[in-house]
Amino acid sequence: MANTNMVVNESKTNKLREIPVTQLVLPIVIVLLVIFNIFVTNNFFAIQTLWNLLLLISTTALVAIGMTLVIATGGIDLSVGAIMAIAAVTSTFLLETNIFILVLGTLFVCMLFGLFNGAIISYIGVQPIIMTLAMMIAGRGIAQVLTDGYLVSFSNPSYEFIGRGSIASIPFPVIILFFVALTIYLVVKYTTFGRYVEAIGDNETAANLSGINVKRIKLMVYCIAAVLAALAGLIETSRLAAADATRIGELIELDAIAAVVVGGTLMTGGRPYIWGTVFGAILMGLITVTFIMNNIPYTYSLVIKAVIIIGAIYFQRKNR
Amino acid sequence: MADKPILKMDGIIKTFPGVRALKGVSFEVRKGEIHALMGENGAGKSTLIKILTGVYQKNGGTIYFDDNEVDFKTPIEAQQGGISTIYQEVSLIPYLTVTENVLLGREPKAKWGNIDWKKAHEEAKETLKSMGIDIDVKKAVSDYNTAIQQMVSIARAVSMKAKLVIMDEPTSSLDDNEVEVLFRVMRQLQSEGIAIVFVSHRLDEIYQMCDRITVLRDGDFIGTWDIEELNQQKLIAQMIGKSETEVKALSGMKQVNDKSNEDVVIKLEGVRRGKKVQDISFTLHRGEVLGLAGLLGSGRSEVAKVIAGIDGKDEGKLEFNGGEINLSSPKQAIQKGIAICTENRKTEGIVPNMSVRENITLACLPQISKFGFVSRKKQNEIVDLYIKKMGIKTPSPEQKIKNLSGGNQQKVLLARWLALHPTLLILDEPTRGIDVGAKSEIHSLIDQLSKDGLSLLMISSEFDELIQNTDRIIVLRDGVRVGELNGDERTQDNIMSVIANEGDNDEIEGVL
Amino acid sequence: GESSSSESSGGTSESSDQAGNSEIVVGWSQMENNNPWRIAETESIRNEAKERGFGMVYTDAQGDTARQVSDIEDMIAQGVNYIILAPREFEGLGPALKSAKEAEIPVILVDRLAKGEAGEDFVTFIGSDFVLQGQRAAEWLVEEMDGKGKIVELTGTTGSSVAIDRKEGFENYINENAPEMEIIASQTGDFARAEGQRVMENMLQSHSGEIDAVYAHNDEMAIGAINAIKSAGLTPGEDIIVVSVDGTKDALQAIINGDMGATVESSPFFGPVVFDVIEQLIAGESVDTEIILEDRFFDSNNATEFVDEAY
Amino acid sequence: MKTVVNKMKNTSFPMKFNATFIQKQGALIALLLLIIFATVRYDNFLTYQNVMNVLKQNSMLGLVAIGMTFVILTRGIDLSVGSFIALGGILAAQLSSVNLLVAIIVPILITGALGMVNGLIIAKGGLEPFIVTLAMMIGIRGIVYIMTDERSVSVPDSAEPFFNYLGNGLLLGIPVPIWLFLILILISWYILTHTQFGRHVYAVGGNESASQLMGVKVNKIKVSVYVISGILSGFAGIVLAGRLGGVAQPVAGTMWELDAIAAVVIGGTLLIGGRGGVVGTFIGVMLLGIVLNIINLEGTLDSWWQPVIRGLFLIAIVVIQAKIMNSNKTKLGGA
């Protein structure tokens, strides 16, 4: 798609293909920010801070990982926030059952919404952004209808463990995040699925002619995105011990997309960088934490955030 | 006067990561001559052209055009400088009208600075008429077939009133009729004193049109000759850097063998699909090479697409290995053992940003993976095998395929399909834009494969290529089967007459 | 106040004849309806309309002033007889009020004031005093901590008048009356539990050991903060005192559990009062141009008593 | 011609020229059906006042959607419009004490310049429009908050009448915003269909690299469309401030970018660029607007049913459009 000059630029990555530059630029930026904090922010240099940070970004990162796959196929999913709301509400209906039914049931219900997204996008051919936008609007509405807009508080220890518990002082959500990221990374790197996703994002026609079931892969990708969003929804809900259909996951889709792109995956599709995405999310979170811990007004954080997003991506591209 | 150079390029150097595309090339074109730029795939022809016209920036060397040193930074500058170019990859704007595609960038203005549509349409219509093409210029260019589209981009280039017109493989997607039209146009330009740089892998065209030849090899400048100095053998020898005797071995007719008593691999009965496939029936036997001949737009590709499950058929019967099949996707066809190498390499073939390795194994991944996990070992085996077997020129299997030259991309795609070990392989224009060396390699490959019992269906707009490589030829016209030629009946004239005899053929929209 | 109004509503509803009301259509323009307080307000008014047999056209501007102006225009186009308006913010609704005036439709403002002449551009304003709410929270906190300690403030949605007022009321009182108390951090929790919790977690990290009290602009954020305090291994109420505004059920429950110190009521139950006013207008009586619901104050002394009627 | 068509990622998109036309018709049909439905159901729908309301209420979004159309036609997207709306309004309000002309011109120039920044980063830096404009959206929103200390800014009484006229005044019995919207639709239509610039906008969206090779100044075109989008959304912000009686809010325009995109897309302009136009966008804006109007005329819907209905309605339209195009595509015989 890019103009010819860019084609040439991109070809420069060839040497670095195995370790893409993105994977290098991000950690550097992050390390710099950390060092900055260690000096500037009091009590920053503590293991607890790390867990807080990872806890803070765990939901965004989970959503972003799903988003990475969607974007890699050349699509986009704006409905993840709404799906989180649906997950939150669904789980409250399953409070009476045991934790496994609660989790699996919620994930399943949300997967159906992903299925709906994917089906309409790949089988009917509606453009992803507009389909998922509609779902973003409708989905949250549905969640609110189910709770009459009220916020449903509950107390359910085993459920609350998902978001609040910790193993060996590592918050459980962080463990979930690591597990998910690792799995998806391995899948992308070593399975046919990963290659199909990349091929579809790069040249859908060729992929189709090579006997790849493009429609099914796309369907799966939107399902995965929905399931991961649901997982994030469960974590968030259990942390609050309350399902807040209206507020949960608000604007998370934008943070997630930012994380994905900062992570090095191209919006136009192609190779997905899972760890890049995780790092992208960490960067975002780190910025937020820096501001909160230094009590800098939210408004300024917006500006700096914008600059850092552009800066990070610009340097990646420049090194391509 | 005629000997005065219009263009002089000296010691042009261009390097891409991992590739030194041009290593100090010199190139000189005189006013009013038609100059052939020759070389194998990847020799650097297109790169040289792109540097001259400001698409790429050179790493070294000097360019004189019309007696001034120039260094165009963008294609626009080159155009304004008096160089108009038909780039190798046909590229038009699909949903703009023919008129707009011809005049894009220099639309006639009315007094408010708005476009004078009336004038524009007339101008475009005239230009195309002068090339013997009479079509509705108000329709979107995407409404016409590739042949017309190629003529439109040619019309665009010649109508620019340039001092130098560059044509990078303009004939690769044309058939004899249009090629004739193009040649008329070229002679016209020449008579106006306009110089032309002409790139083609069809040697007969070169000898028919050109005054001088410049040969590149692996980015090196080999030399420039007057056409008389260099016969085909010599030329090929220079291009591939082998002695003439070796070259002689290259050419050579494949001996025809009658496979009609072998068991039938695929059988079409009254197959119809849309307007472009009307009632097609034929059989293809094991180990047979069947040719589909016809003019552009005759529906050969569409027939192929039906057999390969890309397009579903509206009517008719399709039998494969004796059993009736109904394909609704390429996947099914592939699973059955039917593979197709389509005519549109760039858009239907390569996955540009993936490596040569991934591109070769893309279709056969299921075979080399367990529970969806790909065996890197098996993958590398296959890749190494085919890179060697087909002589694919690439710095490494990890190179992005988009950085390979056209010919090498084509070989990678062939490898992709052969790795599937299919029963039936459909080749739609398999040697389009491929150099003589690679071409004969592919030809002997086809021969070898058929000997190994693979059945092939071959589509080519070059009739002599069909004649050279097939056992039997089916002739299509307007999506209808109009004849079959066996053994020695398979001659240029016979094919043309079969097409012609079926009434006057003005079906290729507007080409007279 | 709340109680008095419910009495009077009881009184009037008997006297008002249902048949008469049903011809009368009241437009109810809510500015947004996405938190317990708003929902309670919305329902209070809609239910009261049903009970007293008024027709009602309900719109939700979803937090967008322009949209609310449109909503009111649409109501006017439908020819409603009265308009109840919960303004998105003080400014920006001028044109809407103007067109209502031109259409001679009386407008009653609830819970927030809008720019304009009471009695001129709108009939009356029925609401709470947000500045006062902030101040009362401050008063209680100063007393509770006898004038010493470090406070963290969780502010409401950036730019909303409620947040601005509750901040002003609280901070002014602290600055004037408690020189030894200091607001060491003020971050927005966007009126949401999750945000409040998230922000608090990081505050506890950056100011670990310093924080003595939390003032949240609403109960949702307060409860979020309490979650954070707990998960940081501290005990709310002892290590850190939490005070906020609203008086939701969850908040009162938290007070009973000893997690929360106190909350200033900001009553959402406008229905009865509003329709008393409307019926007065129908009856041709004159009404005050400002009716301030006096808000109750909930702490450990009275929480149990009110928890059931809370929303 | 496949060669070019398939350059566009998603093959499920239409491969024929008249697809846009049909899709536009799809939107048009939906619009007519909706109007008929509303007219039958609500006595007050087809009244002069209500019609004017709908048009007026959606004119500001309309202005933004026009700019968005230009951007999307080049295969770009502009998420920063919402923040530009706020910025435009705020600047206008703050400058209105100086001089009304300044109050109109300067904000537009500034948002236009910021649009140019978008365009330059996208064209020269080669970054994806989505992420660039997303960052711009976040950053400018922050700046607006800082500028205003998060409070609304109202114009001095001297300027109030003018802003009021801009947002609510009548001209020949028709509200001023409607005039602005319709006139700009007309101008944009003319530019897109009758000028070189307009056609090149389509060319860039249709096939960027081909346009490059054919001598279109791709970067210039790209930058220009973001400038246009910036200018129009800044101006929309000013009109919006006028509509609120001379009050500009720092939160103005939040989420408008998505509404604008939705309007453009259901208006038949494809996000893959190259096809569509402002006439469709007008239809799209009206479709969205009438749905809201119907929800209000209904007047009994719970808050949470409103998004459900809007969302399902959106899905319905785009699905119908896709259906039409697919059938149209298969009739063509593959490709």
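Per-chain residue numbering starts at 1, and chain names A, B, C and D are given in the order in which the chains are listed.
The working rule: contacts are C-beta pairs under 8 Å (C-beta built on N, C-alpha and C of every residue); 3 or more make two chains touch, one makes a residue touch a chain.
Fair warning: this is a prediction, and the values are worked out from it, not measured in the lab.
A.B. asks: Considering only C-beta pairs in contact, identify the chain pair with the most of them.
C.D. replies: A-D
A.B. asks: Centre to centre, by mean C-alpha position, how many angstrom separate subunit B and subunit D?
C.D. replies: 43
A.B. asks: What whole-number Å value describes the gap between the mean CA coordinates of subunit A and subunit C?
C.D. replies: 35
A.B. asks: Between subunit A and subunit D, what's the gap in Å when you average each chain's C-alpha atoms?
C.D. replies: Centre-to-centre distance between subunit A and subunit D: 28 Å.
A.B. asks: Touching at least two other chains at once: which residues of subunit D meet that condition?
C.D. replies: Expected reply: 6-7, 145, 150, 209, 212-213, 303, 306.
A.B. asks: Check each residue of subunit C and list the ones that touch at least two other chains.
C.D. replies: 33-34, 158
A.B. asks: Would you pick out the residues of subunit A that each touch at least 2 other chains?
C.D. replies: 4, 148-149, 203, 205, 208, 298-299
A.B. asks: Can you identify all of the chain pairs that touch?
C.D. replies: Chain pairs that touch: A-B, A-C, A-D, B-D, C-D.
A.B. asks: Within their complex, state which residues of subunit D touch subunit C.
C.D. replies: 44, 47, 49-50, 53, 56-57, 60, 145, 150-152, 154, 164, 167-168, 240, 243-247, 249-252, 254, 292-293, 295-297, 299-301, 303, 306
A.B. asks: Spell out the part of subunit D that touches subunit B in their complex, as residue ranges.
C.D. replies: For this pair, the touching residues of subunit D are 1-7, 15-17, 20, 190, 194-196, 199-200, 202-203, 206-207, 209-217, 274-275, 332-334.
A.B. asks: Mind listing the subunit C positions that touch subunit A in their complex?
C.D. replies: Within the complex, subunit C touches subunit A at residues 33-36, 39, 158, 184-188, 190, 192-195, 197-199, 201-203, 205-208, 220, 224, 227, 231, 250.
A.B. asks: Could you list, by residue number, the parts of subunit A that touch subunit B in their complex?
C.D. replies: Counting only subunit A, the residues touching subunit B are 4-5, 7-8, 10-12, 14-15, 17, 190-193, 195-196, 198-199, 202-203, 205-213, 270-271.
A.B. asks: Under the touch definition given earlier, write down the residues of subunit D that touch subunit A in their complex.
C.D. replies: Touching subunit A from subunit D are residues 6-7, 9-13, 75, 121, 125-128, 130-132, 134-136, 138-143, 145-146, 150, 208-209, 212-213, 218, 258, 261-262, 265-266, 270-272, 302-312, 314-315, 318-319, 321-323, 325-326.
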